[in-house]
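Two complexes are shown next, each including chain A; its partner changes from chain B in the first to chain C in the second.
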Partner chain A sequence: MTASPLSLVCPAGTPAALDAAVEAGADAVYCGFADATNARNFPGLNFSPVEMRAAVARTHKAGRSLYIAINTFPRAGEEAAWHRAVDNAAEAGADAVILADLGLLAYAQATHPSLRLHLSVQAAASTPEAIRYLAQTFGVQRVVLPRVLTLAEVTELTAAVAPVETEVFAFGGMCVMAEGRCQLSSYVTGQSPNTHGVCSPAGAVQFRREPGGDVTARLGNVTIDRHPAGAPAGYPTLCKGRFRANATTGYLFEEPTSLNAADHIPGLIKAGVRALKIEGRQRGRAYVARVVGEFRRAIDAAVAGGFTVPDLASEMEGGRATAGAYDRRWR
Partner chain B sequence: MSLDPTDPPPLSPVLLAGLAARVLPPLPLLGRPLAGPVAARLSQMAFDRLRRRHEPVFQRLAVLGERAFLVDPSDLPVRFLLRPAGTRPGLWPIADGSTLPPAAATLRAPLAALLALLEGRVDGDSLFFSRQLMIEGDMEAVLILRNAVDGADIALERDLAARLPRRVLTMARRWYGDVDGLLHLMARAAHQPVALAVAEVQP
Partner chain C sequence: MSVERPKLTLGPLHFHWPAARRRDFYARIADEAPVDTVVLGEVVCSKRAPFFDSHIPEVAERLRRAGKEVVLGSLALVMQARERQGVMDLAASEDFLVEANDLTAVAACAGRPHAIGPLVAVYNPSTLELMARQGATRVCLPGELTADAIGALAGAAMATGTQLEVQAFGRLPLAISARCYHARAHGLHKDGCRYVCEKHPDGMDLDTLDGAPFLAVNGVQTLSGSYLDLLGDLHRLRSLGVDRFRLSPQDCDMVAVAETFHAVLDGTLPVTPARDRLRDLCPGRRFSNGFLRGVEGMAYRAAVI
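What follows is the complex of A and B.
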C-alpha cells in the first residue's frame, strides 16, 4: 500500500470484521469494548479486554493502527466503568482512544499522558474555538467532525484548527442530529447512544407482519413505520420513522438513506482532511470487506490522479445514498 | 408472533426444485425430504459438528439460554427450529403443515441468503434493507445470533464435509453446478412472462 495523505479508518464490531478490514486495506480500525462505554453497544457485538489485546497485536503485525472508541458519556456515579475502559485501552496498546466526555478526556490525559486522544463525533465540536480549546486543554490531536458540515466548511475548519487533524465520515449510517445530544431514542425507550451506547435498543424493537402483508415497525410503544413487504427498509430509529402530520404521511426528520461521500474524496484530500471514516461497527464482515475495499481503491486512484466512484448500492440503508451535508444547499 | 405459512415464497431455483420434486414421480421423497427421522438425524449431526468446530461462537451464544429460533427458508417446504444453547441445544427440521413450536424469533429468507448469512458472505443489515430477510420476535436474540455467527468464519463445505473423500466432493460440486445451472435457466424462463409484462407497461 502506498502512503496516502488520507488515512482510511474502518469499523470492526467483531474480531472477524477487524481481520476483514485489515485485509481489505484499512489504514486504521476502530473498535469498542462490549459494554456501555461505546456508542455501538449492541448485543453480541464488540470486544472483551482479552480480545482487544489480541486485536491490537494482529493489527500492529499488519502495520496498521487500532483506535478504541470510548465515546459515550459516563453516567453519574458509574465513572469507574469508563475509567477502566481507558485503562484497558492503554494496556492493550491502542494507538488512540476516541473520547467525547470532558471528564474522560481529563482522566485519560492525567492517567495515560502518552495515549493519543481523538475527539469523537459524539462531542459535536464544529467550531475552531471549541476544537482549539480541547486541543490546548487535553492535548486532543484529531477531531472527528459532525456530519452537518459542507465541504467548504470542512475545508475552512481544517485550515483553522491545524495542526489538529480532522477526520470526516465518508460512508454508512446517517445521523443528522446534533450527535451526543440527541434524545429521540431516550424519549421513547429510556436509553440513548449518549449514555447507554445504543440508539433504538434491540429489546425495544418489534417488526410485525400485518394480515395484508404490510410490515409494521415499532419502537417501544410507538409505531414508527408501516410499509409494503417488499419495500426497502431502514434502521428502526425514531428519526427515520414515517409519521402523519398535517394530513400528510412522510419522513418528518430524515429518510432511510446511507451517506456516500466517495464523490468528494479528491475534494477532501485537497481540503487537508487527514482521515476518512467508514461507519458501521454493527455491520457484518461482508459489508466491512466490500466497503473498505472499494474506498481503498477509490482513495489510491484519487491520489494517483484518476478516480472512479465505487458502486455500493447494495450495502445502503433504504437502498439509497446521499452525499449528506457535503453537498448541502439548504440553510 | 409468527409468519403466515400460507404466503407463497419468492420464485427461485430452490423453490422450482421443490416443486419439481413434488410432481416428478421418480423423486417422490425430495418434496418432503426433511420430515423424517433420517433428516432429523442429519440436522443434528450437522449442528453437533458445527458446535465442535466453532466452540467459542457457541460460548458467546450461551447468553441465549433456552431461546430458540424458527429458521424459515422461504423457498423450501420445511423450516428448522434452532436452539443454539440451553439444556437441549440442536437443530430440528419441521415439515410444512406441522404445528410450529414456540420460538423467540423467526428468520425468513431464501435458502441461499440464509446460507450466505451463516457463512458471513453477506451482511445481515443489507439483506434486511432489501427485505430479502424478514425478522420477527426477539430482536435482541436475533442480534446476538447474527453477530456471533458473522464472526465465526463458518464454511459449510469445509466444516461439514471434512471427512468426505475428495473424489466424492468433486462429484458433488460438479453435480450441484449442473443442477444449479439448469434451475437458474428454469427460473429465468418462469420469470420471463412477468418481465415482458413489466416492460410493456413501462413508458
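What follows is the complex of A and C.
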C-alpha cells in the first residue's frame, strides 16, 4: 500500500465483498454484525461473530484495517445486545468500532479501554465544540462527518478538531436528512432506522399495478412514486420519492441519485481529511470492486499530482449523481 | 418526582410566524394558558432568528410575571460559525434553563443544569444516565419511542432525579436537513429563500401522488402531517413515570388545547369528550399516536389498557 494521506474506507456486507474491497485497494473495510446493532440491517447481509473473526484475520493478513459499525441506538431494555456487539468486536480484533450512541461510547470506553473509537455519522456531530466534547469525554479518535457540510466547512472543521481525525462520505447512497435524526421511515413503517438499522425496509415495500398500466411503489400505506410499467424505477426510498406540495409534483426532497464527491478528492486531501468513505454495505462485490478500484486510482493519482475524475456513472442510482452538501447550492 | 402534579410544557414554536403574531401569541399564553413551562427561541432555522430574538427578553419577562418557567431552546442543526456562537451565547445564559437540541449545545451545557430536547438521541437508560451525570435535569424524549422504551427510560430518570418529558400534542418533528425544502418547492435555494416558509404558519402540506396528506415541510425541518394526540395515554404515561407533557404549538387555539390537556390530567374531563374537543379545535386535521404503540407513527390506535 502507498502511504496515502487519505485513507480509503470501503463497505463490506459479505465476506465476498470484503475480499473484493481489499483486492481493489481499500485501506480499511467496515462491516457490521447481522442484527439491529448496525445501520444496514438487511436480510442475508452482514457477519456472524465467527465470520467477523475470520474477516479481521484476512484483512490484517493483507495489511489493511477492519472497522465494525455498531451505529444504531440501543433500544431501551435491550442494551445487552449492543454491549455484546462491542465485546465481540473487541474480541475479533477490530481496528476500530464505529459508534453513535453516547451511552454505548461510555460502555466501550469503560469496558475496552484500548479499543479505538470512531464516531458514526449517525451521531450527528457537526461542529468543533461537539467533536471536542466527544473526544474529551469518550476518547473518540475519528469522526465521520454528517452529510450537511460544505467543502469549506469540512476544511475549517478538520483544522479545528485536529488531532481528532475526520472522515467524510465520498460515494454511494445519500441521506438528505441529517443522519441519526430522521424518523420519516419510522413514521411510515414502525421500524426506526435509528433502532432497527433499516430505512424504507424491503418488507414494507409493495409494487402495485394500476388499471391504466402504471406501477405504484408503496412503503407501508404511503404512495412513494409511480412509473409507467417497464420504465426504470429506483428502490422506493422515502426521501427519494415523488410528492405534491405548493401546487407542484416532483422529487421534493431529492431525486433518486447517488452522492459522488470524487472530483473533490484533491480538495479533501488539502483539507486534511483523514479518510474517504464509500457507502454501500448492501451492494454486491462487483459494485464494491469497481467503485473501490476507481477511488483507489483517483486518490493515488491525486497524491501523485495527476488527478482525473473517475467515471462512475454506471454505478450511480438512476445514472445521476450529486456532490450533495459539499456544494453550497445544494442547500 | 412522580408525587408532584404532572406539568405541561409549551414546546418551541417551529414555524416562522411574524414577530407581531408571536408576541401576541405568547402574551395570550402568559395570560390564559394553563402551562407551567414555555420554551422560547428559534430551533429550526438560524436565518429566522433575527426577526424575533430582540423580542425574547420582553416576552420571557411577561411569561415569568405570569408564573411560567421560561426555557430557551437551541438550534437543532448547527453548522456555521455564527450559529455556533449563538449556541455558546445561549449556553452561557445565567437567567434561563437552556434546552439543548444538538450535540454542540449538549457539549456547551455540560457541567451545569440544563434540559435535553427531543431532537437529541436519547434512546436508552445508559444515555439518559450519562446526560444526567453531565448536568441534564430534564429530558424530553424523541417522538418515535414506544411506551415500553419510555417505561425503561422512566426508571433511569427516577434513579437519577431527572424529569422526563414526552410530547403529547402537535406535529412531530421527524427530520432536519441542511437543505431547505420550503425554498426548493418554490424553485429557490436556502441562501436566497425569500423566507417563503412564512407563507405556511402550520407548515406546508406535503401530499402523496394520490393526494393523501402525508408530511408538513417547515423550512429545513420535516414534520408529521398528522398531529400527535396522546390524550388517551396521559394517565398511563404518568403511571410509567413521565413527569411532563409537551404541547407543540400549532396554528390553532393553543390556550384551549392546553386547557383540554390540563383538564384531563386533573381528572376534571374524561378522555372521550376531551378528544372530541381537541378535534373541534383543529378542524380538518388528522391525529396519530402510533409510535407509542410500537407501530407506524402515522397510525392512530385506541389506547391500550
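We take it that the second predicted complex is superposed on the first by the 317 of 331 C-alpha atoms of A that agree within 3 Å, B and C clash if a C-alpha of one lies under 4 Å from a C-alpha of the other, contacts with A are read in each partner's own complex, and residues count from 1 in each chain.
Here, a residue touches a chain if its C-beta (ideal position, glycine included) is under 8 Å from a C-beta of that chain, and two chains touch if they have at least 3 such contacts.
These figures come from a predicted structure and were not determined experimentally.
Colleague: Could you say whether A:E255 touches chain B, chain C, both of them, or neither, answering first, second, both or neither?
Modeller: The answer is neither, since A:E255 touches no partner chain.
Colleague: Of chain B and chain C, which one contacts the greater number of residues in chain A?
Modeller: Greater contact footprint in residues on chain A: C.
Colleague: Between chain B (first) and chain C (second), which, if any, makes contact with A:L134: first, second, both or neither?
Modeller: Touch partner of A:L134: chain C, not chain B.
Colleague: Between chain B and chain C, whom does A:R209 touch in the aligned arrangement: first, second, both, or neither?
Modeller: first
Colleague: What is the contact status of A:T14 with respect to chain B (first) and chain C (second): first, second, both, or neither?
Modeller: After superposing on A, A:T14 lies in contact with chain B but is clear of chain C.
Colleague: Applying the document's definition of touch, where does A:D263 land relative to chain B and chain C: first, second, both, or neither?
Modeller: The answer is neither, since A:D263 touches no partner chain.
Colleague: Contact-wise, after the overlay, does A:D300 reach chain B, chain C, both or neither (first, second, both, neither)?
Modeller: Neither partner.
Colleague: Now for A:D35: first (chain B), second (chain C), both, or neither, which partner does it touch?
Modeller: neither
Colleague: With the two structures laid over each other on chain A, which partner does A:A231 touch: chain B (first), chain C (second), both, or neither?
Modeller: After superposing on A, A:A231 lies in contact with chain B but is clear of chain C.
Colleague: Considering only the defined contacts, which chain A positions touch chain B in the complex?
Modeller: Touch list, chain A to chain B: 13-17, 42-45, 201-203, 205-209, 211, 213, 215, 229-235, 256, 282-287, 290, 314-319.
Colleague: Which chain C residues qualify as touching chain A in the complex?
Modeller: Result: residues 76-80, 84, 87-88, 102-104, 106-108, 110, 119, 121, 123-131, 142-145, 148-153, 172, 174-181, 184-186, 189-191, 204-212, 214-215, 217, 222, 224, 290-291, 294-299 of chain C touch chain A.
Colleague: Could you please specify the touching residues of chain A with respect to chain C in the complex?
Modeller: 73-77, 79, 100-104, 106-107, 123-130, 132-134, 137, 147-149, 153, 176-178, 180-184, 186-190, 192, 194-195, 216, 220-226, 239, 242-246, 248-249, 252-254, 325, 328-331
Colleague: With touch defined as at the start, can you tell me which chain B residues reach chain A in the complex?
Modeller: 1, 3-4, 7, 60, 120-126, 128-131, 134-136, 139-148, 150-153
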